[in-house]
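Every chain is named by a letter (A, B, C and D) in the order it is written, and numbering of its residues begins at 1.
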Amino acid sequence: MKEVRIGMVGYKFMGKAHSHAYRDLPMFFPDQPRPVMKMICGRNKENVEKAAEQFGWEESSTDWQELIDNPEIDVIDINAPSNAHKEIALAAAAAGKHIFCEKPLALTLEDSREILQAAEEAGVKHMIGFNYRFAPAVLLAKKLIDEGRLGDIYHFRAGFLQDWLVDKDFPLTWRLQKEIAGSGSHGDLGAHLIDMAHFLVGDISEVIGMSETFVKERYVPENMTGLSGSASRDSPKEKVTVDDATLFMARFESGVLGSFEATRYAAGHRCTNTFEINGSKGSVKFDFERMNELQVYFQDDAEDVQGFRRVLATDPAHAYADAWWPPGHTIGYEHTFIHEVVELMQAFKEDRQPTSNFTDGVKCQQVLEAVDMSIAERRWIKPDDL
Amino acid sequence: MKEVRIGMVGYKFMGKAHSHAYRDLPMFFPDQPRPVMKMICGRNKENVEKAAEQFGWEESSTDWQELIDNPEIDVIDINAPSNAHKEIALAAAAAGKHIFCEKPLALTLEDSREILQAAEEAGVKHMIGFNYRFAPAVLLAKKLIDEGRLGDIYHFRAGFLQDWLVDKDFPLTWRLQKEIAGSGSHGDLGAHLIDMAHFLVGDISEVIGMSETFVKERYVPENMTGLSGSASRDSPKEKVTVDDATLFMARFESGVLGSFEATRYAAGHRCTNTFEINGSKGSVKFDFERMNELQVYFQDDAEDVQGFRRVLATDPAHAYADAWWPPGHTIGYEHTFIHEVVELMQAFKEDRQPTSNFTDGVKCQQVLEAVDMSIAERRWIKPDDL
Amino acid sequence: MKEVRIGMVGYKFMGKAHSHAYRDLPMFFPDQPRPVMKMICGRNKENVEKAAEQFGWEESSTDWQELIDNPEIDVIDINAPSNAHKEIALAAAAAGKHIFCEKPLALTLEDSREILQAAEEAGVKHMIGFNYRFAPAVLLAKKLIDEGRLGDIYHFRAGFLQDWLVDKDFPLTWRLQKEIAGSGSHGDLGAHLIDMAHFLVGDISEVIGMSETFVKERYVPENMTGLSGSASRDSPKEKVTVDDATLFMARFESGVLGSFEATRYAAGHRCTNTFEINGSKGSVKFDFERMNELQVYFQDDAEDVQGFRRVLATDPAHAYADAWWPPGHTIGYEHTFIHEVVELMQAFKEDRQPTSNFTDGVKCQQVLEAVDMSIAERRWIKPDDL
Amino acid sequence: MKEVRIGMVGYKFMGKAHSHAYRDLPMFFPDQPRPVMKMICGRNKENVEKAAEQFGWEESSTDWQELIDNPEIDVIDINAPSNAHKEIALAAAAAGKHIFCEKPLALTLEDSREILQAAEEAGVKHMIGFNYRFAPAVLLAKKLIDEGRLGDIYHFRAGFLQDWLVDKDFPLTWRLQKEIAGSGSHGDLGAHLIDMAHFLVGDISEVIGMSETFVKERYVPENMTGLSGSASRDSPKEKVTVDDATLFMARFESGVLGSFEATRYAAGHRCTNTFEINGSKGSVKFDFERMNELQVYFQDDAEDVQGFRRVLATDPAHAYADAWWPPGHTIGYEHTFIHEVVELMQAFKEDRQPTSNFTDGVKCQQVLEAVDMSIAERRWIKPDDL
């Protein structure tokens, strides 16, 4: 398989990130199958045509069914709003298309399971967009754990802190409306933390959470563009229907203690996606705002020189680094998507499921819902019971 | 009141820290009443005599009742093992002595309340040793909050991370035995976080926790000195009866969401006593390993230069800084005790209760026990219900 | 002018960086003229054809004269080895082509001036590749200075620290040979610092330097690829003919004191390209290894909260940030080249010279040679005297 | 020798720091000879009596000759203004007293040599107050170098950056007057850097410097206290006669390249006393504002986890740490003086010269003057030629 032909639904934030990944991949990873940017789909004809032109897609469409029906398309890449994932994914699977779906897989665990099952029955490849797995510094953490260099793991603590809602006048955009977004900080940010936990530390056996909507009502926006929008003070106010912040504690099957926090109210944190892992032989710390770095500590360093090392994951020894620039020359957010698509291409090359895939998506959704239930019922919940 | 005459019980870690505080105070705070180091008490005659000589106490004793009976002593400073606090404190109160007691006030909430009541009925001054309140950087955080410069508070997250138990061969010292220490990481480290939360953010309305003892059995030490000890591999192993790590979530009466973590298993963290507070106008971050610094963020900084500032709390504008060295010349751990004793002296000068006092001690104990109960019963507990 | 057609000479490190910039530009800056990747040129037919395919060039050639002669090419982009810049640039100017030349402009000041003169006489646009100017955090520093927010400038200190020569067995690659590379750390790294100084602080009136070649002889490599190579211990050793490290002090025309250091022997520094500027109203600090950040200090912050702020230059208020991702989502090394090419396109749009251009290249070369002379003659040298 | 009896001249900043060191030493280093605080001397009777009382000296005097004549005094500790050092030191030596002199030894190299010679001829112990040597993190750097763990040293770069003169209205205190202070930033701050260089890297073979007085005239203060003072805008202005900033480059006898910078105009730097050393096997970085930390890098760490480690020099493996608190509990500025005095006491115990002693003081003065000469004559100067 020399080429993999893509049809993509959605052209906003994630659509742009994915498009760029496809565009850059052949230049930096020439040994991988080449993604062919066949067709992009969106509801607004003018906009999607413009996007096709700007991003480099061969064709555009306003009907995603056209992508499904197109025999020249191998993969359906779903960047549509979350509430549209299910329908498209099921149709894609039914048509025998491989599927690359942005997170969340669906709005509910039940729907997620249905999608996974459909993909498995169709025998297609399926991938879910947990892009943070693909930062080289994160992959270094994974490697250190897998090689036993951190020993037995005791603690996992993670936070995804943003601050765009600290402004009480920020309007009621779609991300603050449950029926469209599905969830607030928990599903948007917490989902990434949960996947990271699964990736690095393993399965979660029980959870208990708490959440809050600090600002209960916000102005209805007069217009929305992408993630943002604007409202005047004359706009009416309506209820915010998603969580502003959700915290939870978890016990992992391995006995690890976990703590998780997602919030959009942490002034000064633009995008602090962070985790720390403590083991019997060492620790690692990561903060996405310095995504090229991993802080690493080893218990068996000489007694007088023990301390967290700031490792810049840009050396030849680090994942994907060979494709980029000399040591010390950093990469950015968009590179996580390029690496993600490299993984997808490599899965085609090696004819296997990519990681992360729908199984991971379902597992993540299971924990998300277990947390929700634990909040509603004010008790510990086992994700496996859902 | 020009002088305050002290009788102190205990001469180990805390005894040394308190002694040094009394010793240094008159030199750096000459306008405060002078603490007179009257008598030090300990069980071992030779050791306590040596300590008296080394630390600068006028006399020593092996019987704390002697301190209580001594009419030339104004304050009883209790640094004895936690399980001895109650008896000494009650006797001191009965004798009309002022009391300065290291944390914890007692091993149980019930005992703590009894001590507080005794002190109140005796009409004496009472102080509890929450020394971290007295780091200038912490006091800066307090000031910013009190002046409204952080706005409404949304989040409080705190951790006290140490790593001295990561070594599985560390022996079963007294701090790992419930009958002596009362508690493990929760009472030892978590107590400081809880007091910090009370000090900075206010009262806690409900909590839920989890805890773990990662290494269940450890070698019985052949000898113990201070906080440490040694054991050979031929020593028998016995059960660890305290928690290695305890986490909990909290909701404050003001609506703030809190998360707390105390552990002795965080490799690479020697003494990371840290908190972060996010408000509607700004945020602060503190880490005791860099105790002279407070990270401060303001939402209303000019748009192009927003970011956390590293404030070195050594300027004339910072608490206690005038007594020390020029800006940029840092102070250390022991200074928190000096400031604490300054507060005690000032309370005498102004004839008021010092802060923090036994009321704070009881309140802290209440949350500690609420967390314990929430762990045992696997449900949310309101401290006020205890 | 809707399109600008490029012919590029060279396809190694810089060739790749420039190609990617042309490739990405239309996607993220759709309002700029679109660079058309017409023809790429290199000496090895097979390699250049492969590069053309991989990078996305329409055609390839092994003879740069072909590019000069091609009427469908507007700009000659010169990434050839430094010792070939002059011949190509002069030919391009003679043919009326616009020129985008990687630094250094030429191996000597005399040659640089000849190239500048040729370009000016030809009336073409000319640009030189000082890409670090285009990091948003650097542009924020520039803005703060230009708006007077740092006040009068007193100090400029800069270092470009790398560590790839710390390994004594690293072979004698072309960059260690004066006849090919022209210079060592001074011309390679110091040149960037000098341009940064010119950009941010202004002209330099006098300099004095020192330099050293720590490891005098190295193994002749058996093969070289890009910047690297390999040699066995059986290889003969030959003399290193460039400087390993060069330091110099400078006085700026404005009275600012400057210090500069370039080295390839700073173990632990992969690519620490750093500067700090102190003024009467504030300071800024930059380190390329954390290229999205600028440390900013203001003298007139409230007394109790003064401190360096870590500004993440990814907000809408920062240069080029609108084209990329939401606040807190960082960009990487390659983006400096994309912004550089945006500047080139904008210069076409507005029909003006881009910044930085050959005038800057000559000025940089002047200081480089003044430093060299100051080292040889062990005295202060005024660049303007050269 | 169980006790060492001290007579001290001066009671301001340094007098306070030394007094505290004597006061604390017996408590934390009980195995050292005990310094007895015999007599303190100052010109103002009331103030010196108050200082004696506050700091804990047995007696006071307004005539330093009294200290020299007192047979019960073993050591003369000189904290008087720099221009009085010589006379007192010579008298002390003549009387056979041991001498502990604050830096600078004297105002000129000639005077310094005379003092050293007098001390040597008198056969007394002599120490000079380069206190920064005694930070545990600095001693760790020294240890790593001495044990060869950094390999051959290539670079030493150091800066002492303060910002108290950035305010143009700061008055013309004594430290800005050459006849009293002897020198400005160079002698005050640069001297510490030079001693650090000697201590860590060895002798300097040649230097060239530059300096500047940015603000030429300042208001004459209406009153001065310690290091500070105040002036109204009605005060007359007079000329600043010392340097505001001095930079120099150095070549060490070992071939190391050095760069040095001292300034009082680095906004945001309260007391950044920093150095970095790069060797063939590793590097270290130190910043006094985080004086408990040393950044350490080793070239032979595993390829995927190379990076600067933040070592907190508070472990049992670190110098002096055993005397203080558990790991992670930091110490402050004043502790450098306590350790310094420990060194003095240990020199008595072992009957040897302390380090650093007057030989170091002379060597430092030699480099200071060589730099001054290099500035005046605008050429490289060899300190050994002076």
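We take it that a contact is a pair of C-beta atoms (placed from the backbone, for glycine too) under 8 Å apart; a residue touches a chain by one contact, two chains touch by 3 or more.
Everything numeric here is computed off the predicted structure, so don't read it as measured data.
Peer 1: Count the C-beta contact pairs for A-C and for B-C, then tell me which is higher.
Peer 2: A-C
Peer 1: Let me check something: if the centre of a chain is the mean of its CA atoms, which chain is farthest from subunit B?
Peer 2: Result for max centroid distance from subunit B is chain C.
Peer 1: Averaging only over C-alpha atoms, locate the centres of subunit A and subunit C and give their separation in whole Å.
Peer 2: 35
Peer 1: Distance from the CA centroid of subunit C to that of subunit D, rounded to the nearest Å?
Peer 2: Computed value for the inter-centroid distance: 41 Å.
Peer 1: Let me have the rounded angstrom distance from the C-alpha centre of subunit B over to the C-alpha centre of subunit C, please.
Peer 2: Distance between chain centres, rounded to whole Å: 54 Å.
Peer 1: What are the residues of subunit B that contact at least two other chains?
Peer 2: In subunit B, 269, 306-308, 312, 315 touch at least two other chains.
Peer 1: Can you check the complex and tell me which residues of subunit B touch subunit C?
Peer 2: 140, 143-144, 296, 298, 301, 303-312, 315-318
Peer 1: Under the definition above, what is the set of subunit C residues touching subunit A in their complex?
Peer 2: Going by the criterion above, the answer is residues 13, 16-17, 19-20, 23-24, 26-27, 30, 54-56, 162, 164, 227, 269-272, 288-292, 312, 314-315, 324-335.
Peer 1: Can you list the residues on subunit C that touch subunit D in the complex?
Peer 2: 154-155, 157, 159, 161, 163, 166-168, 208-210, 212, 214, 244-245, 247-249, 251, 255, 257, 259, 261, 263, 265-269, 276, 278-283, 297, 299, 306-308, 378-380
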